[in-house]
């Protein structure tokens, strides 16, 4: 398997895991068929679309590559037709989601650098690529985004984006930097799920 | 009436119908004068602005053509000053809205193709042009977008966008393709209103 | 102090006041550390990012200049570590916020004109620069934006954007137009806070 084929596979696996998470959330809120497909697509592609609009990569990849829409429709169909199965697979989906998280953070940061933007833009856009879709999903479902409230999620993406951006700027080899960054993000996310790690929250002075 | 004048008329009629729907929703939520104008404008122009940002047509038409803002202010004034009248006109407004829906889907898809984007981008952006404003209206009013929950609405826009994109790609004449697409979208939307058609929703396994 | 240094100071003061308002709102909603920083950053930079995407100034300044992110992190730390102090400072923060409001409206309108856009686009984008961050803050916290509901806030920004756009188009001197516009916006906002001015709201016919 060439590097490029591996990259493409990770991209599609991550997209599919994100689409499943959007479709499951829409299904729980009893949206109709169109709503479930839209949520799957928005969760999978929303972060990348925001990134591409900000770096001037038009049209956004999520709009011009039919595979993302196709994967979203497949994910929606799977959730509708085989909800029982998807529930059994919820553990694997969380793992795929963690792989997608790291991949999107690394790829988002890399794409921003390729388009000539600064390190700071690359780090922020890497993180937005990874968590933006989930935030849009929660906005459309009318709730405060989960990533703002609990769990080490965006922070794991941030670590991956920082490592990729730093490594690429320092001229480290692209042969290993992305893989280390993805693995590190996956490990942080996996351990935080196992041990219920959360970022600190603060007592509210007003209470 | 030339083709161009007819197109412009449809655009303004659709914009006005969308602005009315935004102003009515804002008025029901008791927003202030600025809130009602903002909702009217966002509903009327939001979908087109997202489309223009995604295809690189800057500045978005909704920002650079004063007629859209003017129509939004007129719609807001009408809803505030003549609420009774607007309620009586709710049936006609639904029909104008259906005309606008088809027109925006067709025009959005056409504009994406003119800017050199792919068929898939044209179809998705046509649909976003048509339904994006309504989705933003619902987000600002803090509720899950209606289009994700019920009624054949986005689906009618999708049919129009697909027909326009396919016809244009196949080289069919622009003399009749847009009109057929708009008429088809209008017919689907009108019949779904008459007969209360909805997309399927699915039993939730978790209950 | 040169004009440029003064401009930069106003920009950073306004950004900081906006970041504080985002961090306070996130803290009240008990978001975690990441959530508080995100809300501070979104409130401070969201309006400018929307403006820059619409005028084609990529990447948006909020993403490429590290000082905005740094200020947001400082604001979040201050709110977390010294909540009591921030409560005592709530009056000064409101004043800084009013300065930032005028500055962002003026600077947003100016930047849109510099990028060659129309007067209408400059006015709307000036206003969006000033109030967009606050609207995003409220969307992420799952509530209808405050600016749509009460207080003379967006209206004060609108006055500043109109004055700056009109003055610049008429060729008035940039030596005094921005300062008058910022001062006028500040005065309107300050007086509306003192005297509890609000835009009119309208009896709902349906009740």
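First chain written, first letter: the chains are A, B and C, and each begins at residue 1.
What we mean here is this: a contact is a pair of C-beta atoms (placed from the backbone, for glycine too) under 8 Å apart; a residue touches a chain by one contact, two chains touch by 3 or more.
Remember, predicted model here, so these are calculated numbers, not experimental data.
Engineer: For the copies subunit A and subunit B, give the interface type as same if over half of its residue numbers appear on both sides, and as different if under half do.
Structural biologist: different
Engineer: Rounding to the nearest 5 degrees, give the angle of the rotation that lays the CA atoms of subunit A over those of subunit C.
Structural biologist: Subunit A sits rotated relative to subunit C by 120 degrees.
Engineer: Taking each chain's centre as the mean position of its Cα atoms, how many Å separate subunit A from subunit B?
Structural biologist: Centre separation, subunit A to subunit B: 30 Å.
Engineer: So which stretches of subunit B touch two or more other chains?
Structural biologist: Counting only residues that touch two or more other chains, subunit B contributes 53, 56, 139, 142.
Engineer: In the complex, go through subunit B and note every residue touching subunit C.
Structural biologist: Its residues touching subunit C are 26-36, 38-39, 49, 53, 56, 58-60, 63-66, 69, 80, 83-84, 87, 139-142.
Engineer: Taking the complex as given, what residues does subunit A use to touch subunit C?
Structural biologist: Within the complex, subunit A touches subunit C at residues 53-56, 112, 117-118, 120-121, 124-125, 135, 139, 142-145, 147-150, 154-155, 198-202, 204-206.
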